[in-house]
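The two complexes that follow have chain A in common; it is paired with chain B in the first and with chain C in the second.
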Partner chain A sequence: MRTTIRGVAALLAVTMLLGTACKPAAPRTFNPEGLAGPKIDPPVPKPDFILTDTDGKPFNFRKETEGKVALLFFGYTHCPDICPVHLANIAAVLKKLSPEVNNAVRMVFVTTDPRRDTPEVIRAYLDKFDARFIGLSGDSLALRGAMRQLPVGTPIYEPGANDSTYTIGHSAMVLAFTRDNLAHVVYPFGIRQQDWARDLPLLAEQ
Partner chain B sequence: MRPTPATALSCLLAGMLLACGSPPPPAAEGALGDLRFTEGFANEPIIQASGAAYLRIENRGALPDTLLEASSPAARGAMFHGGAMAHLMVLPIPAGGELRLEPGGTHIMFEDFSEMPRAGDSLAVTLRFARAGSVTLELPIRVYGTP
Partner chain C sequence: MNWWCAATGEAWSWGWKAYPGVWLFIAALGYGWYRSVQRGPAPPSRAQRAWFAVGLFLLWLALDWPIGALGAGYLASVHTVSYILLSLVAPPCLILGVPTGAVLSALDRPLLGKLIRLAARPAFSLAVFTAILCLTHVPSIVDGLMGSQVGAFLVDIAWLGAGLCLWWPVMAPQPEVSTLRRPLKMAYLFASTLPAIVPSAFLTFAEYPLYATYELAPRVFSILTAQEDQKVAGLLMKVVGDLPVWFAFGVIFFRWSRSSQGTPPPVHPGEMRRGTA
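Up next is the complex of A and B:
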């Protein structure tokens, strides 16, 4: 029965992604070609940083995400366009995936706006998507230190109508670190729930 | 939740012309002079301080126009942003061309909602153009996310 369901699901996946070869699931070596998220070459090493989580406690990214699929995204709560789409998509897909996949995945949101995004603000924001999402903040120096290790550029401050309505240009990419502590694939804006639904179980099996 | 064989199969049979179980989300349309508006919608904001709206504006005229301002009675402020949140003062619409405001690209950002828009309702948005004048569109409100 399980096999049948898998078979039909695989067929469906093939129908949706025309031109993708039908491969057996769970390759032992990392196979970015089988994923919807574009490959990044060379793979990005997992950054080494300690920031503050929404309980106000230090969060060592490498240590806390060891052995997990860590989805890392830099954004801010006042962001109306890109951030909520990524977070809503990942939250919606995790709800539909197995407990095993859910247990294997950690979504980590790091603010690029520490002035407005206090740990409390970040917690309330992430809870609108998924209470398990991890939110990190820190001072500008610590945040820059984390971002410098990654191909996410430098956030750009854009003044608003008044002092409290500024916006921040930032990378639109979610980096996916697998258990080998490397990001072989990234998820740019435009990635859909069906892409995450395909990729997260595969990333969790790596 | 895994798809049951029956659902999966019926989806397969439905083919690729139809998205399974999800009718296309509603979008606003309209016209003003030479301008045609399509694919208009807003997203239900996550926080009271900011939200975004999108639409496609086609200029069928022989003269260019410019989108000068957007506003909504439900929000205290609005501005235009390009990709990577670059602040744009006005948005040109070339003659015979179009302006696409879409997720991940240029969009209208509303600030400080006095009334929180809710998915399923609509958001009244007034657009003011240099040549064509003003129009108010009722943009359907969707939830964030791309199936």
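Up next is the complex of A and C:
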């Protein structure tokens, strides 16, 4: 009797193991608890926009970032404070994370200053942080269309001492879209490298 | 207008800014020195005046724009330069600028006299220096204090106080205040280089930036990342920060070896008031 019970138990265990191994992994429910970035409820759907990348080619954001963790940030290359800090921190952390995480993450920078930020200017700017960062630009209409789909507000032009030294007030948030094409968390200014280092692998696992 | 250099979060500008609190502080120290030497039995020598002026100049350099402003809110490396100036370079100059007579007359005051004698005890001074050095490099304390002018002021004053404490047992008038002999002075100076190992190692080898103040500050130089800036800060603290101490160690050793050979050592402004040690 005892031998029979042991045999059944072993058979069940093997069946369970095989079942787990052969079945395709079910999509896990995203659990943003424990992440440094604040949770957005309800999550923001990934926007559908086409802008121009730094090679001058059309870039379909939704399509090109499908199956990846897309970090989306609206800023401009003349930004004196927020943009360089966010980009430098993400770049510094990615350099220290595993190739798997690096492969799973796409950092997309969209300009809010199409007048000064030509594709070449954006490329040169992003290369200072990480050559893999994607830079997008477009005309004001296309950029506004992209921003309207997201809770990032509208950029505010702030005149400078002369015509070329103006600044632009813009959202300081990095939106993190996971593989489910939703942004469950955002990363406001103040997020540190330690936070990215903890969160990016977790986002990549989702 | 800000009265003291603190972290503001504003983009760095190379345009000069006034920090009147710094000027008032330097002026107050100068006035305090003037009053104390006036009360003393003998006027300060030319060398003592020069040493005190150099000490005040170094304090002003550390506290005012640009070093003070860069160190308070932008670059950890410059913050370390401020620390080195305030704790390790300016205090010995200031001490050398105070005539022995002024120190001895201060001994008569109950509270100040007690403090002067207490600070001449190596164990006490080293403990105070170590505690201030370590506490003022704890990330939560730095981030908590550097964002406000009062907090940044407290850090700067703590560093200056720690420096005066550190140097006092070595430079206090002998034998009236300090009785530390030269070999013990050298041992004390060697011991004083040890506490900086801890914060400088953390700064140099930390995997990520330790201080939000500097990590999230608008970049001053695009080629210097927050992590590199922190590494430079750690190296400066240990390598450059130790130089004044080792210089003093060398001077004491040289005098000690000369005196033990029977050659009278040359008179140094700092030892004009000392007896044999």
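Operating definition for what follows: the second predicted complex is superposed on the first by the 178 of 206 C-alpha atoms of A that agree within 3 Å, B and C clash if a C-alpha of one lies under 4 Å from a C-alpha of the other, contacts with A are read in each partner's own complex, and residues count from 1 in each chain.
Here is the rule we go by: a residue touches a chain if its C-beta (ideal position, glycine included) is under 8 Å from a C-beta of that chain, and two chains touch if they have at least 3 such contacts.
Values in this document were obtained by computation on a predicted structure and should not be read as measured data.
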item	value
Three-chain arrangement built on chain A, chain B and chain C clash or fit	clash
First (chain B), second (chain C), both or neither touched by A:G56	neither
Contacts of A:P38 with chain B and chain C, given as first, second, both or neither	neither
Touched partner set for A:P80, first chain B, second chain C, both or neither	both
First (chain B), second (chain C), both or neither touched by A:P151	neither
Contacts of A:H170 with chain B and chain C, given as first, second, both or neither	first
First (chain B), second (chain C), both or neither touched by A:R192	both
Partner chain(s) touched by A:A88 [first = chain B, second = chain C, both, neither]	both
First, second, both or neither for A:K128, with chain B first and chain C second	both
Superposition-derived comparison: chain B or chain C, residues of chain A touched	B
Touching partner for A:K96 - first (chain B), second (chain C), both, neither	both
Clash-bearing segment of chain C, relative to chain B, as chosen among 8-16, 26-34 or 242-250	8-16
Set intersection of chain A contacts, chain C complex versus chain B complex	80-81, 84-85, 88-89, 92, 96, 128, 189-190, 192-194
Touching residues on chain C, where the partner in the complex is chain A	9-11, 207-209, 212, 215-219, 222, 225-227
Interfacial residue positions of chain B with respect to chain A in the complex	1-5, 8-9, 11-12, 16, 43, 45-47, 49-52, 77, 79, 81, 84-87, 103-104, 107, 109-112, 143-147
Complex contacts: residues of chain A adjacent to chain C	80-81, 84-85, 88-89, 92-93, 96, 128, 189-190, 192-194, 197
Chain A to chain B touching residues, read off their complex	4-5, 8-9, 11-12, 15-16, 77-82, 84-85, 87-89, 92, 96, 125, 128-129, 156, 158-161, 165, 167-170, 172, 189-194
